[in-house]
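Paired with chain B in one complex and with chain C in the other, chain A is shared by the two complexes that follow.
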Partner chain A sequence: MNAAQPVTATASPESEREQATRLKRTLLHDIRRSVYVFRIDSGGCNACDIEIFAALTPVFDVERFGIKVVPSPRHADVILCTGAMTRAMRLPALRAFDAAPDPKIVIAYGACGCTGGIFHDLYCVWGGIDKIIPVDVYIPGCPPTPAATIYGFALGLGLLDQKLKATHHVEAEGEQVTVTHPRIPYGLRIALEREARRMAGYRQGREIVENFFILMEQDDGAPIRERIADFLARENDPRLAEIVHRLEEICARGNGGTDQ
Partner chain B sequence: MFKLLKEVFRTGNVTVRYPFAPLPASPNFRGKPQYDPERCIACAACTIACPANALSMETDTAAGKRTWQLCFGRCVFCGRCEEVCPTGAIALSPEYELAVMDRADLYQTAEFRLASCRVCDTPFVPKKEVDYVIALLVHAGLPEAEAERRRAVVETCPACKRKNDVPRVGSLGPLHQMGMIP
Partner chain C sequence: MSVSTESRRGTGYVAALRQKLPSSVLDESWQTAEQATITVTREALPEAVETLYYGHNGWMSVVVGSDERLLNGHFAVYYVLSMEGSEKSYVVVRALVPPDTMEFPSVTPKVPAAVWGEREVRDMFGLRPVGLPDERRLVLPDDWPDDLYPLRKDAMDYRLRPEVTTETETYKFINAAKSETTVVPLGPLHITSDEPGHFRLFVDGEDIIDADYRLFYVHRGMEKLAETRMGYNDVTFLADRICGICGFTHSVAYASSVENALGINVPPRAATIRTILLEVERLHSHLLNLGLACHFVGFDTGFMHFFRVREKSMELAELLTGSRKTYALNLIGGVRRDILAEQNLRTRQLIGELRGEVTRLLDILLSTPNMRQRLEGIGRLEKQVARDYSPVGPTVRGSGHHRDVRIDHPYAGYGSIPVGQHVMDGCDVLSRTLIRSQEFFDSITIIEHCLDNAPPGPVLVEGFTYTPHRFALGYTEAPRGEDIHWSMLGDNQKLYRWRCRAASYNNWPSLRYMLRGNTVSDAPIIVASIDPCYSCTDRVTVVDVRKRDATVIPYKEMERYCRERTNSPLK
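Let's turn to the complex of A and B:
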């Protein structure tokens, strides 16, 4: 971007020169050396930066692929942008982008970098790196794990294929949703789900209660109490046992009461 | 030097072989939301729960359809959608390889048909949602015939319900005498 140009209030991404686009196509073929990465933190919360650092540690060790983080954009082949692109970081990011020699690959890192993430409608953010500079690879995640980072780099450098594809489903004729766990009375099911979530939180609670429903619905002759005891002995977790016993109590009350 | 080498051999290789060998995610890892459109009733609970607005729904009454959309680029993998989904149509999977070259590939969409209001004939509710409500009523112990009778109530839009209520409320007599209004 030309320095004399006024800073406009609209989000118009800087367009790439055609030559740069052409060069980029051959970058991967012609590079034949390590890939140098310059990291721009355009208003991130640092979670992404911590994961990038984790990818550099011996466990994931991206340097074995020749991916190296450099301190100056003038050395960079890849520009890695984290954060939702705040108003204040727009010009510094543009300057860093312009300082990097062509051809360069821009990677939008994390949910914020891809689309603005949870901050997408804040007054002080542009909502994504691609509003300001052209992006080649998007790595979603909040934050992306080091493995996802490596995958994104491999994708950008043309080593792996893209797995995620856009999908569109159109409702088919006569598509219907059946009730889950039809053999368990409705009121009892709700009571169990509520109690499990109250005790174990929404995610683990759901998992526990689903396992409990499967146990209830099993039909292998053994009484339910034995099946549950078997299950708890297998899992060997006192926290799980407490929750499951609580669910059992509710079942006992529910069966004796109004519910079937 | 010998000490160092001894340490090196004792520690062994800690680096994962990731891109060359699959790396399984740890248990309870929250990855890509796996969506099953056939189990979805387009009730929009997930779009209300989603803190990042990665999930959104648009109702097009003119065309009689509702479009559900999930943007993986905006998802923060919190699992609230999984929590609120009444049919288990969406659940987080351990899948984490989500990087894309094209922004359009970050979107997953599904289209649902709307049922029309029985009175004013305007589409207003997903057909699958009505069917699910009736199935739920039957499951909760209502006789099938009675549940089907209630379908007429479910398939009436709120505006028409209010209009229908006016003559009924009027026939009850003056409201202040009944103590409903002061």
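Let's turn to the complex of A and C:
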């Protein structure tokens, strides 16, 4: 067997006919009926398909906007593709794309569909839908939520304009990032944060320790033990009490030191 | 890792093997107290596997190929057997394959359950199982070049994309029918959920004589990715993306394989949180399957209702993990989130609502006479066929075998939780559907039990020692059955070899036996009953062998026929 040659094949998407582009503009402008969608799973993990399902069925129910999934590409206005486009799905996907009448809108769905996602450079995928067929709308997410799906459709059908809110911060002369909770000794802070994370995980741990810092810094005359007891009584959560007591113990030991 | 001799389970099997094949057992090592790896000579491999499989109530879990030329100059094959006799344990039979001949005797003629595993080893490593009856490609696409084996360490960069070798599909479908049959291809694209797969039904009139299928349309190369680009601690998130429906069980299986290999004890609270989420995933998956079962027998109102209720399980997942799918909750040694009072309360409320709604829906579903009539006696998986092919989950439990990883090999928090086992002897679609509906309520009970008895303490271990070249198994009971992961750690904090096997992988090979003897209109419901990744195709082509002509009927027509069973499109 030969060792690998660096002959990485590249795929080029089918190009779109000029007439189709013109027709598509008309379609977007003049569509006054339901849109028919044909789904292609070109190598997804099903999470995207689950969310498409969720968008279709009661609760989110996109059919109320006239968006309907059809069983054949021959009826489709929109082709919805999920997955990183595997080698084995290239031909079936192309056949389905060719079978759909012009004008058609192609939506790349999910992180894998948009760019190949976590699989973008692997040997058995082409790395995104747009490597094989031309894409009009990208709906990112892993997987996109049903709300994102509906929003993506609205974009694709020209019902909404893309709204991007970007701000750009330029650092001013002498500007400095402030330290949070400067009154709490640094070593103690780290020890508390670590213990909170160990006990309650990243997200809830951070929230709990943040509240704890606020309690420590409050200066309303009452001793800290009372303030904590008050807080715990208000929250009424035995698990939270367990974690906060651990943090108290670290404070009582002084600087905490290690997390063990 | 040293495992104390007294705590070991499964020593009886090893002793039996040594007695049966005295000069063939070369080595024995223990990864955990219930995982043993036995190295045997190449020639003795089929007999060793057969002895454990049929002689000692072993079931084939997975076949792992590994390129160990950098470690010991050989390739290796591992046959992982789940021993479910008097002692419950995993015994792995290992044999070395020399790199000059690349050959080893095939186990498949003696144990049919090894067939997919051996075909995969052939694809990915170019090893030749001598005597393997089915030498078609399994995993790699038709347009992949011959003589390029992705998982060999020296074969190729993981990014290499070879030129396309063919513009047509070249897979040969096997038809075991004795007389002339009509061919009904289904797939690979389909309008319902899930992955593509291509089916060929060989029919005589309305009766299915045989069936064959081509899957792996979504082979992406995950194992190679895990062994090259990613660190071992990132793979828990990759494992989430093996399957969008039961990704979390894969993630737990992977994390526990590494934890087993390194001897990490997961804190009890983390294990309980994992258990809760595993059951949340089961709630979701079973509701999905029950909904689709409604759909395929023409009960669309039920389908919509199950999908409406299913949304609550998605809300539950979002509440507990922050995402509706691909939970990304596991770390090696624990989980990333705790369950506080707020989540605890809302979870109880949601599962209470689920229990009420699903009880009502199932009552409606099962008292619909049509339902029983469509499911009873359909898609029979005979007990012996099940024994030969090692299917898993509700599929095997519907054929009278007591197999459930949660009970046989407790993992996560299952050791201390009462788990009900539902086994039925009907061997048909009805049994599998009923088992799922019973397991649904069990899952709710398990979640409540876990919430009531969640132990205190941390959710995460920090600070353990990473040791290269250790390996072990991790296993879970996914909604569809046993998921099993075999991981060997390597240098540079990367996996040396990762083999993950999803539940459906073990269920597919026996599907052809379920399809045989049924009518075409039952095919979708039979395929759906193993809860694979669903029934197929945008269109169905009927090829009549006698007339040599082809008519194309839309899938919708096929599905309509399954639901209404009038006006056959085949006539």
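The rule is simple: the second predicted complex is superposed on the first by the 228 of 260 C-alpha atoms of A that agree within 3 Å, B and C clash if a C-alpha of one lies under 4 Å from a C-alpha of the other, contacts with A are read in each partner's own complex, and residues count from 1 in each chain.
Heads up, the rule we're going with is that a contact is a pair of C-beta atoms (placed from the backbone, for glycine too) under 8 Å apart; a residue touches a chain by one contact, two chains touch by 3 or more.
Computed from a predicted model, the values in this text were never measured in an experiment.
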{"item": "First, second, both or neither for A:V170, with chain B first and chain C second", "value": "first"}
{"item": "Touching partner for A:P58 - first (chain B), second (chain C), both, neither", "value": "both"}
{"item": "Chain B versus chain C as contact partner of A:L240, first or second or both or neither", "value": "second"}
{"item": "Chain B versus chain C as contact partner of A:D121, first or second or both or neither", "value": "both"}
{"item": "First (chain B), second (chain C), both or neither touched by A:T145", "value": "both"}
{"item": "Which of chain B and chain C A:I214 touches, first, second, both or neither", "value": "neither"}
{"item": "Which superposed partner A:Q204 touches (first chain B, second chain C, both, neither)", "value": "both"}
{"item": "Contacts of A:T180 with chain B and chain C, given as first, second, both or neither", "value": "first"}
{"item": "Residues of chain A that lie at the interface with chain B and also at the interface with chain C", "value": "58-59, 118, 121, 142, 145, 197, 202-204, 260"}
{"item": "Parts of chain A lying in touch with chain C, wherever the complex brings them together", "value": "1-4, 6-10, 38-41, 43-54, 57-59, 69-73, 83-84, 86-92, 96, 118-119, 121-126, 142-143, 145, 194, 197-205, 235-240, 242-243, 259-260"}
{"item": "Touching residues on chain A, where the partner in the complex is chain B", "value": "58-61, 64, 111, 114-118, 120-121, 128, 130, 135-142, 144-145, 147-148, 150-152, 154-156, 159-160, 162-172, 175-180, 182, 185-187, 197, 202-204, 206, 260"}
{"item": "Sites on chain B touched by chain A in the complex", "value": "14-16, 18-19, 23, 25, 28, 30, 32, 37-41, 51-53, 71-77, 79-80, 82-83, 87-89, 96-101, 103-113, 127-128, 131-132, 135-136, 139-141"}
{"item": "Residue ranges of chain C in contact with chain A within the complex", "value": "126, 140-144, 147-150, 152, 154-164, 167-169, 188-189, 191, 193-196, 216-222, 224-225, 229, 237-238, 241-245, 247, 288, 304-305, 307-308, 310-311, 314, 322, 324-326, 334-342, 344, 454, 456-460, 462-463, 533, 538-539, 554-556, 559"}
